[in-house]
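Going by the order they are written in, the chains are A, B, C and D; count residues from 1 in each one.
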Amino acid sequence: MNWITEGPEIFYFGASLWFLLLTFAAPQKPVSNGGRRREYLSAILLASVGILVCLASVRAEGWLFIRAYSVDLFSQVFKTLLSLGLFLIVSLCGSISDIDERRHNEFYFLLFSCTLALMLLVSADHLLSIYLSLELSSYSLYILVALRKRRALGLEAGIKYFLTGSFAAAVMLFGMALLYSSCGTAYLPDMAKVLPGLISRPTVIMGLLFTLGGFFFKLAVFPFHSWAPDAYQGASNQVAGYIATASKVAAIAVVLRVLASAGHGSAYLVHVLVILSVVSMTLGNLAAIVQKDLKRLLAFSTTAHSGYVLIALLVLDPAGYSAAIFYALALLVMKFTVFMVIVELAPDGRNLQIEELAGLHKRSPIMALALLVALFSLAGIPPTVGFTGKFLIFTAAIQKGYVALVIIAMINVVISLYYYLLVIKAAYLLEPAEALPPLLVSFPKKLLAGFSIVGIVVAGFFPYWLIQIANAAVLPLFGGR
Amino acid sequence: MIAPFSHVLVVAGILFALGAFCAVTRRNLIMIVLGIEIMLNAAAIAFVGGSLHLDNLDGQTFVLFILAVAATEVSVGLAIIVYAFRRTGSFDPADFNLLR
Amino acid sequence: MHMEPATFPFLSAILLSCVVGMLTIMVIPEERHVLIKQVSIFFSGVCLLLTLYVFFAFNRSLGGLQFVEQVSWIPTLGISYFNAVDGFSLPNLLLTGIVFFTGVLTMWELNTRVKEYFALYFLLVTGVFGLFMSMDLFFIFVWYDVSLFPMYLLIAIWGTTRKEYGAMKLTLYLLAGSALILPAIIFLWAKSGLNTFSFVSLMHPGMFSPADQKFAFLLLFLGFGILAAVWPMHTWSPDGHVAAPHGVSMVHAGVLMKIGSFGVLRVAIMLCPLGWIYWAKSMAVLAVIGIIYGALVGLRQTDLKYVIGYSSVSHMGVVGLGLSTVTVAGLNGAVFQMFAHGIMTALLFSSVGYIYDRTHTKLIPELGGLSRIMPVASAFFILAALAGVGLPGLANFWGELLVFLAAFKVYPLFGVIGVVTLVITALFMLRVVQKTFYGPANARFAGLPDVSPWLGTPRIILAAVLLILGLYPSLLFNVIRTASVPFMNGLPR
Amino acid sequence: MAGSPAYAVDLTAMIAATMLPFVSFLTILIATRGRPRLSAGLSIGSVTISLACSIALLALHFHLAAPIEFSTRLLASGGLDIPFGFLLDRLNLLMIAIVSAICFLVQVYSLGYMAGDPGFSRYYGFMSLFTWAMMSLALSASLLQLYFFWELVGLSSYLLIGFWYEKFSATQAGKKAFVMTRAGDAAFFIGLLLLFVHTGDLSIAHLDSRSALSGVSPSFLTLSALLIFGGIVGKSAQFPLMTWLPDAMEGPTPVSALLHSATMVAAGVYLFARLFPFFSMSSVAMTVFLAIGTISMLLASTMAIVSRDIKKVWAYSTISQLGFMIMALGAGGYFAGVFHLTTHAGFKALLFLCSGVFIHRYETNDIYELSRFGARRMVIPTVSIVLGAAALSGLPPLSGYFSKEAIMGSLAAMHNPLWLAAGLAGVFLTAYYSFRVIFILLFPRAEGAASPPPQEAGITAGGHAAHESGYRAMAWPLIILSAVSVIFGFFKTSFKDFIGGGAAAGGAAGMEPSWLHIAPLALALAGVGLAWVEFGRKGAKQIGFVDRMPVLSRLFAERWYIDRFYGLVVEFVIDRGISRLCSQNDRKVIDGSIDGICEGTVESGWVVAFLQTGMIQYRLLAILGVLALLLLCFYF
C-alpha cells in the first residue's frame, strides 16, 4: 500500500494527536502571550504543511477497508479544498480571544480532528463509513461551538446544534437502515447498480429521503437548516467561519457522492430536490433580509446558497456535479473572505452587527474592498467566482430544461442582492456615530485580503483551469474506475 | 416462527415514531436526548432485521458502531446540557432563547 | 457575415486602458485629487482617441464585423473572448467614448472620495465598452453586470436626492432584468446544440424554432427592456437619474440606457428574429405609451433632473418604436436616436451639474433668471433641450424622423401619436427653459461665475457633436447601414 | 448638370446666399459675443452678400423657363433616400429677393433700434440664424428639407420673441409661439411622412407634377393636403392657431417687422404657393383652405378694430392679410396670392418699422398715448405710416390696391358669391382699422392741453444723441420701403408675366366684371370714411362703433376667447388632467406596486425570520412534518 494515498488522513490524524498531547502538557494557569503565539504558529505550520500533503496526494488512487473508503481524484480535490479551508481559518486564529486561553490546545485539536473527519467523509464509499465520519465531524463541531467564552451564547448554540444534529443523524440512520435492507448492500457503488430498479419502492424512497436528510443537515438545506443561524451566531467567529467553509465543502461532496450513486431514474426524487432547493433559497434569502447580526445573515445566506447547490445536484449529470464542485470552491473563498473581515473588525470576538461596519471604508480600505468583492461574489455578480459558479450551475440546469427553476433562482439572486447591498451600504456609506480609529491590519492580513480579492476576481474571470479540474474530479463518480 | 421482515420494519418504524414523539413533545432537554437515543435504537433494529433478512453482516457491524456512537452522543450531549444547567438552572428548551 | 480580423487589438486596447486607468487610480494616494483627475482624463482621453480611431477606420463599404479579436476562453462551454464591432455597436462605442471623457471632465470639481469615485467610474465604463464590443453572449452578460453594480455605490455615495432609495431601486430593477437575461442566454445556448456562446455562430436563420424564439425573445426583451426604461418598467430611471451625481447621470442616461436598447437589438432581435416579428406589435404599443407617458409625466415635474429623466423615458420610447417596426429605416433611426439621445442627455446632465454645483438646488421653482447670471452655461442647456424637442439641425431630429417614418409605414396610428407627442415635449421642455433660465435674475444667485472655458469643455464637445450630426447625419448612418441592411435582407420572412 | 459654368455660378451664389448668414451666426455666438459692433458688422455684411446674390440670381434668371434643381444626397439609409439641394424657379427667386431685402433693411434699422442693448450681439446672431433658415427654406428642393428649415425658422422666432428673456410676457409669448406653430408642424410632419410613405419621394418638383400623383387615391391626397396645410395654419397664424402672433409682438419691433409680418409668417403662404399644383389637385381641400383663410381674415380684422396697442393692430392685420392670401390661393388665384404676399411684405414691414420708431422714442405701444405724446411731429415715420396704411387699405395708387384687386378678381371667379362678399367685408374692415390708427395718431385728443414731448428730461444727453444717430439708421429703411410701396403696384403686369410663367398652373383669372374694379375701392374708401367720422374729424370722440357695443368689443378684445379656450385646455385637460393622472399613476400605481412588492418581501422576511426563533422542538417537528409531506407527495 502506498502511504502517499492516505497521506492527508495520516497527517491530520498526527496533527490532532499532537494537539491532544499538548492539552495534557499545557500548564493549568493562564499562559502568557508567548504561549498562545506558539500554539498558533504550530497550528498554522501544520495546516500549511497539510495543504502540501494534500497537493502531493492529489493524483493518488486506491481503496481501503475493503472498499469502504476510496481515494480518487474526486476525494483528493475535496481534501485539498478542506485543507485550504482549514489553513485559512487557522490563519484567522492569531488573536483568538473568544476561546478560553486554557482551551486553545483543545480548540486546535478539535479543529484538526474535525478536518480529519471531513476528509474521511469525502472519501467514504460505504454507508457506515459515511455515518461514522459524519458523526465524528459533528461532535467536534458541537463542542467547538459550545467552547465559546461568551458562554450563554455558545452553550445555547451548542445545545441547539447538538439536538438538531443528533435528531437529523437519527433520521439519517433510519433511512440508511431502510436503504440497506432494500438494496442488500451498503456500498455506494453497488447500490448504484441496484437502485435504479428499486427506485419506485416506498421504502427505498423513504430511505433515500431520510438518508439525504442527514447530509442536508450538514448543508443547511430546508428543513434541516434551523441550526445554522443559531450556531453561526452563537459560535465564535472563527468556528462559524469554519462551519461555513470547510464543513459546507465536505457536505457538498458527500451529497454529490450519494446522489451520483443513488439518484438516477427517479422523477420523484428530482421533484423533492426541486422543492427543497426552491424553498431553501427563498426562505434563506427572505430571512436574511431582516437580520441585524452579520453572522446570522450569513447563516441564512448559506441556506440560500445550499439551494443553488441543490440545483446543480438535481440535474444529476456530470455538468451539474462539476458545477457543484466549482461552487464549493467559490463558497469556500467567498465565505472565508467575509469571515476574515468579521474577525478583523471584532478583535474581542464579539458578534458583529451590521451597523458596526460603518466607516469601514475609511478605517481600512482593503478590508472594505475585500468585503465588497466577497459580497458581490456571493450575490453572483460578474466577474467574480460566485458568478461563474452560478453560471455553471444554471447552464447545467437549463441544458436539462429547468428554465423556470433557473428564473426562480435568479429572482432569488436579486432578493439576496438587496441584503448584501445593505451590508455594503453600511461599510461604504454610513458614518459611525463617533469617529473610530483606523483599523490596524497586520501586513500578512493585508496580503491575505489582497489574495482573496484577486482570487475571487481572477477565478471568476479566468475559470477555465478550475473548471477543468472540476470536470476531471467528477469522472471517478461515473465509472471512472 | 420467523417474523417476516416487513414486521421488523414496522416495529422499527413504530419505535422510531415513538422516539421522535418523545423528542418533540417533552419539554426537557434530557428527555429529548433520550428520544433521539430511542430513534437510534429503532434504526439499529431495522439494521439487524435487514442484516438477518439479507444474510449480510454489514447490518450487524452497523449496530455495533451505533452503540458506540450513541454512547459518545450521550456523553457529549449530557456534558453540554449539564454545563448549561449549571449556568441557567433550567432544562426547559424554551429558556434557551438568546439567539434570534 | 463578413469578418475582418484586427491587425492590432484596438478593442482590447480600449478595455485595457480603462482597466489600467482604474488600477492606476487605485494606487494613487487619496489626497492627491488633482493627480487622480489628471490620470482619469488621460486614460479616458486615450479611450476616446481609440474609439475615434476605430470609428473612422471602420470600413464603411465593407461592413460586417471588423476589428475582430477572438480567443478561446472556456472551450468546454464554447465561450470565447470575442470582440468585434459592426454598424450597430460602433455608434454606441463612440458614444461611450465621448460620454466617458466628458463625464470625467464634468466631475473635475469633485472633492469627496475622489479616488473611489473615479475607480468605480472606470469600472463602470469598462463594462459598458465591453458590452458594446463583445460578440459572445457570456461576455455580453458579464459586461452587462459589470456595468451595473458600481452604479449602486456611485449613486449611494455621491448622489443627492433620495440617493439610497434611488440607488437601491436602480440596482434591484436592473438586476431583476439580468435575472431574465441570463436564463434566456443559456436557454439559447442549450437549444442551439452547438455548445457555443458565440454570437456569430448562433445568428443563423432557422437556428432556433419559432416557439423557442418567441419565448427567448420575451425574456430578453423584458430583461433588457428594463434597462431601456420601457414603460411600465421605467420608474427606476428617473429616480436613479435624480439621485446620481452628474457624471454618473451622464453615463447612466447617456450610455447605460442604451445598453438596454442595444441589448434588445443585439441579442433579442438579432438572435430571435421570428420572436421579434411575433412580439413587434406589443413592443410598439409599450414604446408608444412610453413616448407619450414620459412627456406627460415630465410636464409636472419640478426637479430639473426628473424632467430630464422623464424626457429620457419618452425618447427611449422612440428608440423602442424604431426597433419594433421591423424595417431598415426603423433600425437605423433607433440606433441613431440612441446615439443622439445619449449625447443630448449627457449634455443636459452636464449642464445641470454645473448649475447645481453653483446654486445647490435643482428645483425649478427655486431657480430662474439664470440666463442673466450664467449665459453660456444656460445656453448649453437650452441647446440640449431644443435637441430634445427634436429640432432640425440637431442630431435627434434625424433619429426621430426615421423612426416616425418607419412607424408610419407599419403602425400609422402610433406614428401619429408619436409626432403629436413632440408638441407636448416641446411644451414641457420650453416650460423648463422658461422657468429656469428666463425671467429676472434671481438675487440669491447673483455673482455666481459663468462657466469657464476649461469647465465648459465637456459641454462644448457634446454640443459640437449634436450640431455636427444634426447637419451631417450620414456620418453615422453610413455606419449603421452596414449592419441594418444585411440583417434585414437576411431576415426570414 | 453641374458641369456647365452657368450652373456653377448659380450654385455658388445660392450657397453664398444661404451659408454666409449661418457662418456669421456661428461666429457671433461663439467668438464675438463680447463685441457688439463686430457682430452687427458680420451679420449685416453677410446679409448684404445674400441680398446681392439674390438680386444677381433674379437678374440672371428673370426669364427662367424651367426650374433648375441641384441636389445631392444628404442621407441615404436603406429604403430612404433624402436628397438635399436647391430648387430654383421664379417663385423662389422672388422669395429670396424679398427675404434678403427685408432682412437687410431690418438689420440696418436695428442698428438704431437695438443700440445699447446688452444682448446686441446675440440679437444679430439670431437674426443671422433667421436669415440662413429663411433663405434656405425658400430654396429648398424637397419638402423634407423645407420642413427642416421651417422648424429652424420657428426656432429663431422663438429666440427672438423671447429676446428680452427677463420679461415674463416675452418668454411666455415665445413659448406659446413655438408650441402653437409646433402643433401645426406636427400635422405638417404627419402629412409629409404620409406623403412619403405613399409616394416615396418628397421632391417638390415631383410633387408638383400632376403625373407623379396620378396613381394616388383622391381621398388620400385630400388628407395629406389638409395635414400639410396644418403647418401653414400654424406658421401663418391662421384660424384656429392664430393667437400666438399678437403675443409675439413682445419681441423687439424689428423682429416683428421681419419675422412676424413680412417673411416668416409668409412662409406658410409661400409653402402654399410652392405646392400650389399639388394642393389644387384636391378641390375639397382647397375649399377648406378658402374657408379657413376667410375665417381668419374676418376674425383678425374684428380683433384689430378694438386693439389699442399699435403693434397688435398690425399683428391682427397681418393675420387678416395672410388670410387674404390664403383665400386667394384657395380660390385658385395663384398670381393674386403671391402678388399680395410681395406687396404685403413691403408695406407691413414699413408699418412695423414706423411704429418701431415711435415706440423706440416714446416707449409705449398705446396708440392714444403715442398720439398724446405728439408722435406726428416725427415727419418721416408719420408720412411713411400713412403711406403704409393706405397701401394696406388698398387705396390707389399704392401697391396694396393692385394686389387686393387681384384677390377680389380670383374670389369673384368662385361660384359661391359668399367668398367675394366676405372678401369685400374684409376690405372694408381693413381700411377702417388701419385708418383708425392713423387718425388717432394724427389727431391727438388730449384730455388736457397738448402735452409736451415727454421724458425729454429723463433722457441723458448721450442717450439722446444715440437716439438721434439711431434715428438716421432707422429712417433710411422707411424711406426705401415707402418708395417700394408706392411704386411696386405699377409693375403688376410684368410681375404677372414673371410669376405666371413660373408656375405651371395659372389658376382662374381674367374674366373680371367691370364693377370689380370699383367695389373694393369704394368699400376701402367707405372704411376710411367711417374711420374719419369716428376718429378723424374735429369733435370726434375717437370711440369706434364697436366700442359702443360692450359685448362685441369684449368678444373682439378677448380674441373671440380662442386664447382662453387654449389656456383652459392646456391647464385643465393636459396639466391637471392627463398629465396629473399619469404622474399619479407613476407614483401610486407603478411605483406603489413595485415598492409594495419590495416591502412585502421584507415583511415576509420578518415573518420567516420570526419562524426561526422558536423553541428547538418546533424545528424538530418541522423536520418531521416536511419529511412526512414530501413522502405524501410520493403517493400522489
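Basically, a residue touches a chain if its C-beta (ideal position, glycine included) is under 8 Å from a C-beta of that chain, and two chains touch if they have at least 3 such contacts.
In this text, all values refer to a predicted model and were calculated from it rather than measured experimentally.
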A-D or C-D, whichever has more C-beta pairs in contact: C-D
Averaged-CA centre spacing for the pair chain D and chain A, given as whole angstrom: 77
Chain C-chain D separation of Cα centroids, rounded to whole Å: 37
Geometric centre distance via CA averages, chain C-chain A, whole Å: 42
Gap in Å, rounded to a whole number, between the CA centres of chain D and chain B: 96
Multi-partner residues of chain B (at least 2 other chains): 23, 32, 93, 96-97, 99
Junction residues of chain D - those touching two or more other chains: 598, 612, 616, 620
Multi-partner residues of chain C (at least 2 other chains): 172
Chains touching one another, given as label pairs in label order: A-B, A-C, A-D, B-D, C-D
Residues of chain A defined as touching chain D within the complex: 159-160, 163-164, 167-168, 171, 202, 205-206, 209-210, 213, 222-224, 226-227, 229, 268, 271-272, 275, 283, 286-291, 300, 415, 418
Contact footprint of chain A on chain C as seen in their complex: 73-77, 116, 138, 141-142, 145-146, 148-149, 152-153, 156-157, 164, 168, 171-172, 175-176, 178-180, 182-183, 186-187, 189-190, 219
Touching residues (chain side chain A, partner chain B) in the complex: 127-128, 131-132, 135, 139, 142-143, 146, 151-153, 155-160, 162-163, 166-167, 169-171, 173-174, 176-178, 180-181, 184-186, 203, 229-230, 233-234, 296
Chain A-touching residues of chain D, taken from the complex the two chains share: 598, 601-602, 604-606, 608-609, 612, 616, 619-620, 622-623, 625-627, 630-631, 633-635
Partner chain D, residues of chain B touching it in the complex: 20, 23-25, 27, 32, 93-94, 96-97, 99-100
